[in-house]
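What follows is a set of structures to go through.
Below, chain A partners chain B and then partners chain C, in two separate complexes.
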Partner chain A sequence: MFVLVVGGGKVGYYLAKELIESGHEVVLMEKDRGRAEQIADELGSIVVAHDGCEGRYLGEAGANRADIVTAVTGDDEDNLVICQMAKHHFDVRRTIARVNNPRNEALFRHLGVDEIISPTRMVLGSIEQDIPVHELLHLAALGGGELEIIEAHLQVDSPAVGRTPGDLTIPEGCSLFAVVRDGNPLPLRPDHVFRTGDKVIAIGRTECEELLHEQLIGSSS
Partner chain B sequence: MSEARVPPFRRAVIALSGHPGNDRIVRIVSQLAQASKAELVGVHVVEVDWSQPLDADIAGRSEVAQRILDRAEEVAEGQGAALDAILLQARDVGAAIVDEAIEREADLLVLGLAYRMRFGGDFAIGRTIPYVLKNAPCAVWVVREPIPEEAS
Partner chain C sequence: MKTVIVGCGRVGAVLADTLDRAGHEVIVVDTSTAAFDRLPASFGGNAVRGDGTDEGVLRRAGAADADLFLALTEGDNRNVIMAQLATEELGARRIVAKVNDPVRAAAYADLGLATICRTTLMADAIAGFLGLPMSGMPSVLPPGDLHHARAHRASDDAPVPPDAAAPQEA
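Right after this comes the complex of A and B.
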């Protein structure tokens, strides 16, 4: 597989290194010439020392025949431009972008980036697993980010406590499918009565999140 | 064997860029090789950018590349030396030349350098020679061409 990695920071460097070691054909683009030379010294002649935001350089780096273009610079705007150009100008089958600001995730999805990796969101997810919060916890994204697996940790003031799944108004495009009680995963049955401390696992479209939040956690206000 | 009798090299790789100055380099190295019965390998590298696969049929169809190799063989023969001419296709000229020198266990690598100035007046050495100087395990000779009269 031919992978074009744009951005020669730590993520880009280690990504390229791992891919090469796995036997893939890799090109890494890094606009800082000094950094590009440093990476070339380590990884060989796979570095194109130009800005991946410029179409002609993206072309020189082989975007026209790349199976995957992955934009992992530290700049969300650059990553978006790179994926947009790869997708629409070079017809790349799969684009992957690093998103640093979680607020930009929706925009990236809306503009057709195939896969979004948000380190901020991942760290946040890990923190939320250990700290009870009155929010939904995002466990995983599926289907290119359109679907999410979500966990709701029911607190004492949750409107779902004391009710069954049938008593709740679950938004269309969303499904509750499991509950974790006292550390034990259980399939969600129609007669299950929710208790404080239950962790309810749902899968749903991202736009359902607000309604799901109201039903399981309570109103945001 | 006294030091004076040690041949300057046993197997030399000569980088052939196609520049007119190549003739001078091949001639000099052939004369030295002929005296010491050393082997000569002439390498011309066709660089392929990443927009094409490395195995794209480019070098094989290049008449220019073939002419460069033929000319080098001819010049070496004129000096009574045999030159093994090789055409390579690679992503980077410097890396390809160094790899070939390693593969062939060459003890000398010879490159030519045209006398050129960058805009602004700095001497231009390009990126291949610094790469080879840094990475080639064997001895490297860089033969700079004379300064053209209009530049001196």
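Right after this comes the complex of A and C.
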């Protein structure tokens, strides 16, 4: 696979290194000449010392034959432009962007970036998992962020307690598939009676989240 | 007409003053308060300090539902992201983004943004003055074959609003 990595910071550097070790063809673009030379010394002549936002240089780096373009610079606006240029100007099939401001995630998705990696969101997610909350926990995002795996921690007053999966109105585009009880993961059976402390694992479209919350935990206040 | 101008450089400041004097509602956003020194003392619009690529900043500045949104900072990519933010999230009716890289300017015109490219604009102005051949690249690009429907409706065909000089709404 030919992967074009734009941005030679820590993320771009280690990404390129890992990809090369897995046998992929990699070109890394880094606009800072000093940094580009430093990476080239370590990884070989895979570095193009130009700005990946410039259409011309993106073309020279081989964007038109790249299977994947991944934009991992520290600037959201640069990452968006790199992915959009790759997608619409060079017909790259798959684009991946790093997003720093979590509020940009929806915009990026809406504007056609295939995959969004948000370090800020990931750290937030980890912090949330350590705090007992009456909310749904986001465990993972799939399908470029359209789908997510979430966990609902049932409380005493949760409407699902004492009921079976069939008693609940599960929104379309959403599926409950497992439950963690006393630390043991169990497949969710139709005769499972939910009780306080159950952690219900579901996969669903992001827009179903509110309905799912209502069914499992209760109306959001 | 409500106009939002992000980037209070020379061009941004001149346009802000012109629109303000013509009686329009003008909001100018820049990351540096020193940039607002370019506005004349008579300027009656709002000058807000903040990052124009941040949706929260733009909303707090009152930039939602603008009739006209001009992205005029020195960063092509910043202009491009905020122009798309303005159409997709903030309901701007018409936008113009300054994009100085001619390749990017053409690519974003294809994606539905009206773009102005200072590089070809200046090069052709100089070439025209000296009687040299023109670059052959357009400087003002209307939104072309569009990829989002909302941007299509928002930006029409002309990159510059014909009613910019005459106040029609308060």
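Following the convention adopted for this analysis, the second predicted complex is superposed on the first by the 217 of 221 C-alpha atoms of A that agree within 3 Å, B and C clash if a C-alpha of one lies under 4 Å from a C-alpha of the other, contacts with A are read in each partner's own complex, and residues count from 1 in each chain.
We adopt the following convention: a residue touches a chain if its C-beta (ideal position, glycine included) is under 8 Å from a C-beta of that chain, and two chains touch if they have at least 3 such contacts.
From a predicted model like this one, the values you see are computed outputs, not experimental measurements.
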item	value
Room on chain A for both chain B and chain C (clash or fit)	fit
Touching partner for A:R56 - first (chain B), second (chain C), both, neither	second
Touched partner set for A:R103, first chain B, second chain C, both or neither	second
Superposition-derived comparison: chain B or chain C, residues of chain A touched	C
Least Cα gap, in Å, left between chain B and chain C after the two complexes are fitted on chain A	16
Touching both chain B and chain C, residues of chain A	none
Chain A residues within the chain B interface of the complex	27, 44-46, 48, 59-65
Complex interface listing, chain A residues touching chain C	53-56, 75-78, 80-81, 84-85, 88-89, 101, 103-104, 107, 110-112
Residue numbers on chain B that touch chain A, as the complex places them	49-53, 91-92, 94-95
Complex contacts: residues of chain C adjacent to chain A	53-56, 75-78, 80-81, 84-85, 88-89, 101, 103-104, 107-108, 110-111, 147-148
